[in-house]
């Protein structure tokens, strides 16, 4: 239970899973041959797939950015971090399934509610797990690089927390207006990408933007 | 035959195969369109797929953790380690096939016995190969980092050995009650993840948990 | 907004996405069982798939080479570079879809125009994004390694710019003679691979070729 | 044309492509639902798929080992090495297609000849390209690490050359007895794995085996 793990290979393996999960999403997009007669219509008709693709891509991209920022601040991982990280990867690698389901049902009346809620719940789980990953570090500050200040530690915690609340709100929204929920998920993902914190605060001379 | 291989790129290539095999598992999960009328039922009805997904994911995750702990202790690999590692990767990359087969047949009466035994046999092979990988190191202690003690060497050997026995027990169980076997495989995988040894024992000041 | 990101893991994650997108392309190639009676004909009949495969492979390969050359010259990335890079990866991971569409329709009369234009537009987007990635560095020269000269900076900018113009020309061509466009895209990709600039200019003693 | 490329990222990208191509092979293996009534028969009946899987897996594994040994001896790559490496990756990533074709047709009479020859030709191309990669280094010895002796350089060249001859022989064999050819390809792959040379010759104290 008290083992230590070097972070380099955890990052490499996690990056592999993130990169593959993010890339597999495109395999689900297809124009049925019956739409080849009017292919521009057929391409346009797949918009739910593009929306679902962009949402899941940005969601996983945002998780990768948060993951990157967290592991750069660790000296090593313990057993608890390893297990939570593995559960996070399991949740991320699962996303292509609810993504496909939401894309397939958005056109139809009836199943689109269940699909939107199921997709949101899957995103919520990943969000809870990335937050739990960082909280588990709080239980053993010896895992952190010594130069990480308390202020920086809490800034990262606060950067991952709001998504959880947003997901709960949009899932509730999906119960009443399921067609709107996918756009809500996309907005949360875009917001998380823009809000992600880097490996360190800017040095005084760099990036005044 | 006496060649030496640096471990960095073996780790990178192995991580790639582990990450892809673990992520491809989701491609097999699908709700048939005939279940779109009652999508919540359709999603719930796929529980064998989720069980098989979680089991194979945790199994490969546990193998990755053991692999990580082993290669961190090697100075370099010889030809024998390279060949066993390649066979291990071949067995791991094969897992999506028996995983899918078990998920497809668990509902039906008849083929579920063969599928559960075939899946268990595939897991047993990976377990034997990861154990053989470490045993092959014992034949040439010059491969090990000098700071690895005999006690540590045998602790790793003992960490991988029990799974082999557990798999034999659950495969025998599958002959009589095949429906129970998948849960047995999941328990073995979860146990292996929790039992995995890190890159090194904890330093005195770290992780009192 | 002023965060800094180390480039090592961005390269690893991007390489993962490039490698997977480039490898998934083959999954679309298939000889229908009805052509098994005359398999040589069936294999030859898939030439549009091979053409599309080679074109997308070389396009992604060229983007990878440009990406490699750019990130080797960065000290670290800022938020803007991270976001543009993520959009670039999203466009690259999307390519298997228009690739498949073009391969499927090249034989048939009618949809091949839309498919060729849609494919070209997808390539144009990746080309604009890799160019935007480097332009965004120009807004904050503090991101660059100090040894990168202005001359080198502009040489890289000029190496990525012409593709944009070429794509516009071939897309316009595709409106009138869609069957010719795929070969135009292939030529652009091959040209980009041959034109790619390395990590640094050759040292005086090396490679007189 | 005279650019230099650092090898680290070429190795990472190539490893990604090798790892994915090797792992995608399993996606083609499937037991048709009509064989679920007698699943042991159905599993056994897929033996051509297992044979094709093992052959392509070991072939790509052997190429990876040769690639590993080559790039460890390079100081950097030039444009020519980059282009040949990209063509090699294109050939390797293509292998799942002829692999699937051979597995599908081995049972049937007629198409199995074309499939065995087409598969062998694809393997021959990868073998020629990995050999060409190393020969292209001979044109500019400045690419090599200074400690690589001429003897070592030619030993690597000789390690990759025989496969080319073997493939030609087995392809000719496939014209007359196509059913035997797959086993020939497997033997060549196994032989290449066992013959692969490491990063460096053994040091005096290591691995007397």
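Labels for the chains are A, B, C and D, by order of writing; each one numbers its residues from 1.
Quick note on the criterion: a residue touches a chain if its C-beta (ideal position, glycine included) is under 8 Å from a C-beta of that chain, and two chains touch if they have at least 3 such contacts.
Because the structure is predicted, anything quoted here is derived from the model rather than measured.
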| task | Could you check if the interface between copies chain B and chain D is built from the same residues on both sides, meaning over half shared, or from different ones? | result | different
| query | Upon optimal superposition of chain A on chain C over Cα atoms, what rotation angle is obtained, reported to the nearest 5 degrees? | reply | 90
| field | Length of the line joining the C-alpha centres of chain A and chain B, rounded to whole Å | value | 25
| request: Determine the centre-to-centre distance between chain A and chain D, using the mean Cα coordinates as centres, and give it in whole Å. | output: 36
| request: Among the residues of chain A, pick out those that touch two or more other chains and give their numbers. | output: 12, 16, 19-20, 24, 27
| message | Give the list of chain A residues in touch with chain B in this complex. | response | 1-6, 9-10, 12-13, 16-17, 19-21, 24, 27, 76-80, 82-83, 86, 89-90, 93-97, 100-101, 104-105, 108, 110-111, 114-115, 118, 139-140, 142-143
| message | Looking at the complex, which residues from chain C come into contact with chain D? | response | 11-12, 15-16, 18-20, 22-27, 29-31, 33, 36-37, 39-40, 42-43, 53-54, 57-58, 61, 64-65, 68-69, 72, 193-194, 196-203, 205-209
